[in-house]
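Two complexes, one shared chain (subunit A), two partners (subunit B, subunit C).
This part shows the complex of A and B:
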């Protein structure tokens, strides 16, 4: 699986929602991803990609859609 | 000795000791004594009915403690209500508990008929009055009198007010002070809002040991950046939180024993502590003592405990909730057709007298003979040596991130909304069986204004957003489901009810 598929898979696992047709949809809007789900999301990303998310500089804006997460993951790899 | 008197005595002897540290802003035991006496004197002037409860409304500031102490010093139980509560809920609590006074520590509340209010600006002025209040042994809350009332989720949308007496609380704090290796004058994390009884686990043991509460207010914990900034500045020795909250803290790699050598005790309650989280914590803090505890609000915070050692981690995949505290008798009420799983029943001095002004609900789950008995609705198993394992719920109550939620209450509020024709909420669990979120299956009302925004096969996030905004006017935010799924019709059982079990299977 490529980065796209893995990210979509993780998002689907956490939210039960398929974002493949709405890669720019705001995952935080409507509280679908709340703070606890954000914790899960970051843990999964660290786990699956072996990246280290600089958590003390975490900014929701940079992680708010499938596309943004993919960009972030690629920049951290 | 009476708990209030004990705290007051420590304050008299150690007025300069720090009791509260709110992001660097500190207050002393002397201030707690002086301010609460001044407020107590004012309460006495109001001529309230003896023992009528007082609502204390606010956030997590030092003044909350002042208001709690002033209430119990004058013989009144306090009802902590979080400032994030919707107005509807405050009105409901007032209708049920029939208080005569509300102390508004922080924020603005709706005007309610026949309710006296000490507003926050007035409160600030009273604090500094030199009071003639004389500590009166005969007036403070004592024995079986109610000390605090915590409101919890009720199935019909009416919350239930659990009344905890002075002696209930004393049974709890005696245990806290004897069984967890706490030292004199500890520095303890205070992260939980006061409307949630886990806060009692940090508040009263700390006050009775002359310690310092270091506060991590909700505003700081909602944003990762400020959360980790605050975490790095904490110097607590004792950590009290839900397992969910420590999971968040563990995201930061600097949260470890090298950076926080003073942090040697962790105490968890409010939801299941998973093996994952406990072992990760043990890796980060190999020398710390990690305690898992369990208990319903009705039995005063917690009644079982166990230290999670490496050998316990090696022995159990699902961690045990521990052994009953010494003064409490607990047993498993087995159903005839069941192997060894049954309802956990509790009897002892920390069992509540029941729900305020709600004899029907009280009778359903409590028995008050020589000692009080409470049927928890929790399922468990008992090992030969008395160790208790948790096995879920017998009804539709869930624990999520430490919050206790009746799914029927969630459904009640969903169905009240004019945009919704029918709806039902189901829990979503992770691989450990822990509830991680709520999912609402919604059949929209075809004539509602929100229905126009509905997109077939779309994510409908904007629609959900608007719906949640509406719901937040009446429901506590933690009860609002994270995910909404829109269906043309909900599946129905043979006898015409929504088929929750079918939907729960789908949610998995």
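This part shows the complex of A and C:
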């Protein structure tokens, strides 16, 4: 699986929603991802990609859609 | 010597706008007048913490020196090592002055010698430094910038609570002219809205209606099996809620307006909280700079820790424990009295029930139309107003005084 698929898979696992059709949908505004889900997302990313994102560095603006998460993951890898 | 409390009198506004003019003109031409701004800020700090409140001024100086030592020492340590125990000690030290001040009323009727107006707000700014150094987000300690951040006087007494890195970006750059002109426009709007909120609506609810309703409620102490539950008490609940919102939102607007005029975009505190459709939504709209602080520095860190070390098997339990801790700490932060702590516990339970409902809604078909949406807002509003009745401390007077 590539980064795209893994990220979509993680998001699907946390929110129960498939974002592959709408990669730019705002995951925070829709209420699908709350603070708890955010922490799960960070832990999953740490687990799957070995990237370490401290909570201080987590800026909602930079992580607000599937596409933005993929961009972030790729830049941190 | 004179003493002026922030945003209380027309004189204060006259003085502040007058003395701000050079700064405004400077920023309009893209320059920060650092020396003038320093003298200007010191003047207002002396006006707030001088005169009859001189002992608070001393306490403030002591507090700043203490936090400087703690954070400086931690930043030096963090360059070399990163042990969790040292981090915890640094956090405890950073909040120690606040804990002493908050615990003092339990033992004596005198207020603490080390207390001063705004200590609880300054503590949020100090603790976040330690947390962000732990994360490696702040690497180098800049004492002068930190003191500027801590003592930024428009927000010193009651927030909004800013973040160091955000403040620093605003502070080291003067805003572009277009942007600054927009900020001035907003500041003017916020000032007038603040006058309407704090001095007209807040005054009407808090100073005109509330004393009458308090008097009537107290006259009916024996009502409803000696619980004191009466119509005036219910009116008190809604009136107090309106007062709390307009008074605090009004103050926040003033603080933000003055920040904007100084070229600093202090975060907003309120976003139409009474329109919230559930308790979770409410905490994204009410006293936002505080609730987001708790979200980022307490809730998320705690859930991260609990999940990473797999303390609980079930993720739902993780969030519930974290909500309880989060809101109880928030309750204690308001003050060590039964009603502030109950206020925290009440919101923790409310948000846990809210989450159970949201999970239920995800799995089952629940009708959604304008009536159910209206009902959701109505229920949330009443839950929130009831929590404010607890928060007001009036029940303490009604039942125990």
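To be clear about the criterion, the second predicted complex is superposed on the first by the 76 of 77 C-alpha atoms of A that agree within 3 Å, B and C clash if a C-alpha of one lies under 4 Å from a C-alpha of the other, contacts with A are read in each partner's own complex, and residues count from 1 in each chain.
One rule holds in what follows: a contact is a pair of C-beta atoms (placed from the backbone, for glycine too) under 8 Å apart; a residue touches a chain by one contact, two chains touch by 3 or more.
Note that the structure is a prediction, hence the values are computed from the model and not measured.
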First (subunit B), second (subunit C), both or neither touched by A:4: neither
Partner touching more residues of subunit A, whether subunit B or subunit C: B
Which superposed partner A:40 touches (first subunit B, second subunit C, both, neither): both
First, second, both or neither for A:57, with subunit B first and subunit C second: both
Touching partner for A:12 - first (subunit B), second (subunit C), both, neither: neither
Touching partner for A:25 - first (subunit B), second (subunit C), both, neither: first
Contacts of A:67 with subunit B and subunit C, given as first, second, both or neither: neither
Subunit A residues contacted in one complex by subunit B, in the other by subunit C: 16, 34-36, 38-40, 42-43, 55-57
In the complex, subunit A residues that touch subunit B: 15-17, 19, 22, 25-26, 29-40, 42-43, 52, 55-59
Interface residues, subunit B side, partner subunit A - complex: 221-222, 224-225, 228-229, 244, 247-248, 251-254, 401, 428, 436-437, 439, 459, 461-462, 464-465, 468, 480, 482-484, 507
Complex contacts: residues of subunit A adjacent to subunit C: 16, 34-36, 38-40, 42-43, 54-57
In the complex with subunit A, residue positions of subunit C that touch it: 131-132, 135-138, 280, 295-296, 299-301, 303-304, 307-308, 315, 318-319, 322, 362
